[in-house]
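In the two complexes that follow, subunit A is the common piece, with subunit B as its partner first and subunit C second.
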Partner chain A sequence: MKKNLLFIIPIITFFLLSIFLAIGLFLKPREIPSALIGKHVPLFNLQPVSEKLNGLKDSDLAIGKPVLVNVFASWCGPCRIEHPLFMELSRNPDITIFAINHKDNPSNAIRWLDLYGNPYKKIGSDLDGRISIDFGVYGVPETFVIDGNGCVQYKHISVLTKDILDNEIIPRLKGKKHVKCKIK
Partner chain B sequence: MTAEIGQFCMILALIVAATQIIIPQIGASKKDYGLILFGKYAAIIQLFLILAAFLCLMYLYITSDFSVLNVWQNSHSEKPLLYKISGVWGNHEGSLLLWVLILALFGAAVAGFAKNLPPTLVGRVISIQAAIGFGFLILLIFLSNPFARISPTPINGNGLNPLLQDPGLAFHPPFLYLGYVGFSVAFSFAIAALIEGKVDAAWARWVRPWTLAAWCFLTIGISLGSWWAYYELGWGGWWFWDPVENASFMPWLIGTALLHSAIVVEKRDTLKSWTVLLAILAFSFSLLGTFIVRSGILNSVHSFASDPGRGVFILGFLILTIGGSLSLYTWRAPKLKGGGLFAPISREASLVINNLLLMSATATVLLGTLYPLILDAISGEKVSVGPPYYIGTFIPIMTPLVVVMGIAPMISWKRSDLPGVLSRFKACILITIAAGMITLFFTYKGPILAVLGIILSVWLISGSIADFVERIKLFKVSYRDSLMRIINYPRSAIGGTIAHAGVGILIFGITISSAFEIEKIQSVKNGDRVQVGDYIFEFKGTEIFKGPNYDAIRGNFDVYKGKNLIIKMQPENRKFINPEMITTEAAIYPKNLGDLYAVLGEENSNNTFSTRLYYKPMINCLWIGCLLMALGGFVSLSDRKYRIGAPRKKHTVKNKTLGITN
Partner chain C sequence: MQNKITQKSKIFLMLIFIFVLIENKVHSEDKIIQIEVLEERSQKIYKEIRCLVCQNQSIEDSNAGLAKQIKLIVKELIIKGYTDKEVHNYLVDRYGNWILLKPPFNTSTAALWLLPFAILLLAIFSGTFYILKKNKFKKKMPVIPLEHDEQKKLNKILDDF
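For the complex of A and B:
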């Protein structure tokens, strides 16, 4: 009898496994949480891309209302795809969009903005990508929502879509789904 | 019209499958050979119907018929012909159809080659094959129809993922599926044996060639995928322990265990219930692999087509098939009587060790693959399990496996003495120790794993050679006699020796290429020189050119050794238009079994280019090792005993007489 019990092991193991597989079907492995959510933005002070435009520093991001920070580069093809969405957003006076120009030649960045339009209020030029690393940027484009106190609320990796904008970003800009910030 | 014919063939195939499940099964129970014969014909008709559906889909791809949703999503009129064809299985629906086609192929092959098998066993095997096919045909017809139309017809298609537009990858899925699905035959045989309540040497002899064939194809399939990753992804690596790679590796490990335990059943009539379990598991893991790839349950570079609806269906099917067969196993396996006993030092014992270690390795890979999922399900925490885990767990398991592997073929059945066996390996032991010392001497500050790897590979290669030399009695009898012995020797044993030597060469390649690789990452401008080991790469700027369906930047490197220009290397960055995607084409130049490997990265702001340059010594031993393993399998498969039908009891003693007539 004892020997017969051994033959039950495979089926029991399999059923335990299939329970996890079933649960796994309804999980979303692709939604990688950013380590920065619920934390204050890193300290930084970035130079402008041209003398006519404003640079960006950490205190700009804590202005009492939520803001967007878009990480872009002129050499990044997908950035061009999401750009019209930012142009449309910038027409709304309630929404403030900042940008970090990631590892980009400032003159290329200006040419790019002249060509496609500039939706950004301030742009920091992150020549060596140092600040992007502090922000935990994997690749461009990425978009952050930051609350009025400079606390990171949300991060979207890759091209922004209308769907993400309406369901994730706009509600957070209106103060919904707010994440409390850990004290510095 | 073609799409509708394809659709119609699939539905007919489903109906045939339904009859093929029921009628031969009844025939086997009632010993009605007419009904079993019906099953055989059904299996062959099944093959032709699915082949017809598959050819219809291929025709739609070749003619770029974008009124078919699947073709529109995955093809493009400007794509080269080879990739129009490989595009058929480069997507979820088409690859499922290929899966079912190969399943039907194996079902028909069993029906066709079944002359020497007991008819009732054939009836049951064919019926079980059809049951698996039935499940997948339902998935195809109702949830993943490759022939669905769209209206209005778009002007042009979306194109195939450019990463998949590659000759290595064009043939990777068919081979992989031949392996995965090939295990279905061993599975069906196992279930049939459980139903019949009989597992004997004859059973093992029927199962083994099918398993061997599947194993060879799987070996080739995995190697092709690995080779593709090496030259196409431009990371310089060839194995990433990605969930989907693991999904193909686990059936391979179990298949390897099954190959070896089937020998024990065949020769010694023992380890029966274990072998049956392995036969069930090998295919179960193939199904699990299909589930992982197709459901997108794990984050992977491969899950390009994921859909929870299909995931639910495949999981349901998985639970029905695997759960059902394991339940049957729990019920029937205890009744399988074990045969001969064996001593702790014997061939049987060494094969048991082989099995235990291979299963431990499988369990380790399974745990590493599913751990992120289990943790996410329990605590919501997201982690990924990377190479350090696998390297840390795999090496301790593989080390004893390789040690045993070196001497096991020389250990006799039933009972043997270790000192006696080892005395035949004196030369190997000496060579291995010497190789270890030399490596230690040259790399005394280097990685200790390199020393271990060299020791293991030298041990295994020299052991395989010693085994071969011993068997043909080289130097002991005249050369002519030795030659006669090679010719007369059972091919299954020669195949085993070749495959074992292949593993040794593979380990050698892995060790040297990872321990002594030289990697240089830098940004370069025109005229810059980079030293990589003995070689100097001089960057000669870039040029832009146009490919058939992409634009590319091509970098130029002149590679010198000393003052001699040995090669101009031209890595590329390709920008595909349909769909929009950038791929890197590494430039690879083979040099003394190693490779010079150059990758052109992105252009930086100040007109420099990021580049990665490598020298990978002995990397080609990897592919040679894999090829030898598959070759060994095919040589073994050509053994005469698989062609002659009637099983012979105690044929081991007759091996020599059999061999001479070969």
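For the complex of A and C:
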């Protein structure tokens, strides 16, 4: 009986190891969880990309209802892929989308928006990418959900998909899956 | 009389001039030392910060734009008077512990830090236990004398040898 038990140990170890390795297969180590979730947005005040459009500042992100902030650039290929989703979202009057134009030439950004449409209510031009660093951005596109008090709820890295939009972003815009904000 | 005064003021002026020169020299040396300290400290921090674009490279090794920018920020913060720890905290606040190449010890990383030692201890314990048990077993075993024909065979082998 005791000997049987000893034989079981390697088998159990093997199965435990396989379970951990199987989990490891489906991890996405390239996608770093945001350190800002549950924290207030950093202080910032970004200039508009053109005189006709609005710039973006931190108080714009605390308007009493959840908002989306998309970090994009005209030089960013994947941004074009997700752009139709934002265009579609912008047709819904309940959804407010803001943007940070990341390390981009404002005139290129304007041309890009003229070409593909402008779903953003306000766009801040982050010429040197300094504010993006305060937001913990390390590549474009990235999309943030920010609650009515200016508290970061969620961040999606890389191209936004319909699946992520329906399962992660829309529920949070409706106030579900709310993360309590740490008071500064 | 007039001459004496100008003589005196000349010496005075010269003294001032020499003093300014020395002061300047000391000052510039101070500056050089400051720059060296800044360089040394920032280099040390660069090695501890992970590049977010070329992951698993430190920002020192990386040529990515973001790495260069974070290097500049590190220098800025040091000039502002941040300690090394405060520079780390500044970056961790924005990018999480992930940005540190050496993860800090806390509840979520305890297993990571302690498991290797736990496994090592387990191996040492089970190893000594196994050896001790085996020795005990050997000692208990009575030595059976060889059979007659076995002894004969052994003798033959030894003789041939």
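Assorted remarks:
Definition applied: the second predicted complex is superposed on the first by the 152 of 184 C-alpha atoms of A that agree within 3 Å, B and C clash if a C-alpha of one lies under 4 Å from a C-alpha of the other, contacts with A are read in each partner's own complex, and residues count from 1 in each chain.
By definition in this document, a contact is a pair of C-beta atoms (placed from the backbone, for glycine too) under 8 Å apart; a residue touches a chain by one contact, two chains touch by 3 or more.
Because the structure is predicted, anything quoted here is derived from the model rather than measured.
Once chain A of one complex is fitted onto chain A of the other, the partner contacts of A:W75 are limited to subunit B, with no touch recorded for subunit C.
In the superposed model, A:L21 makes contact with subunit B only, not with subunit C.
After overlaying the two complexes on the shared chain, residue contacts for A:N108 are found with subunit B alone; subunit C is out of touch.
In the superposed pair of complexes, A:I8 makes contact with subunit B only, with no contact to subunit C. By the touch criterion defined above, A:L36 reaches subunit C but does not reach subunit B. Within the superposed three-chain model, A:D134 lies in touch with subunit C and out of touch with subunit B [touch as defined at top].
Once both structures are placed on chain A, subunit A residues 29-30, 32-33, 103 are touched by subunit B and, in the other complex, by subunit C. Those residues of subunit A that touch subunit B in the complex are listed here as 3-4, 7-8, 10-11, 14-15, 17-18, 20-27, 29-30, 32-33, 75, 77, 103-105, 108, 127. Only residues 273, 277, 280-281, 284, 291, 295-299, 308, 311-312, 315, 318-319, 322-323, 326-327, 329-330, 333-334, 370, 372-374, 376-377, 382, 580, 582, 602-606 of subunit B touch subunit A when the two sit together in their complex. Chain contact summary for the complex, subunit A toward subunit C: residues 29-30, 32-36, 103, 128-130, 133-136, 138-139. The touching residues of subunit C, when paired with subunit A in their complex, are 52-53, 55, 65-66, 69-70, 73, 92-98.
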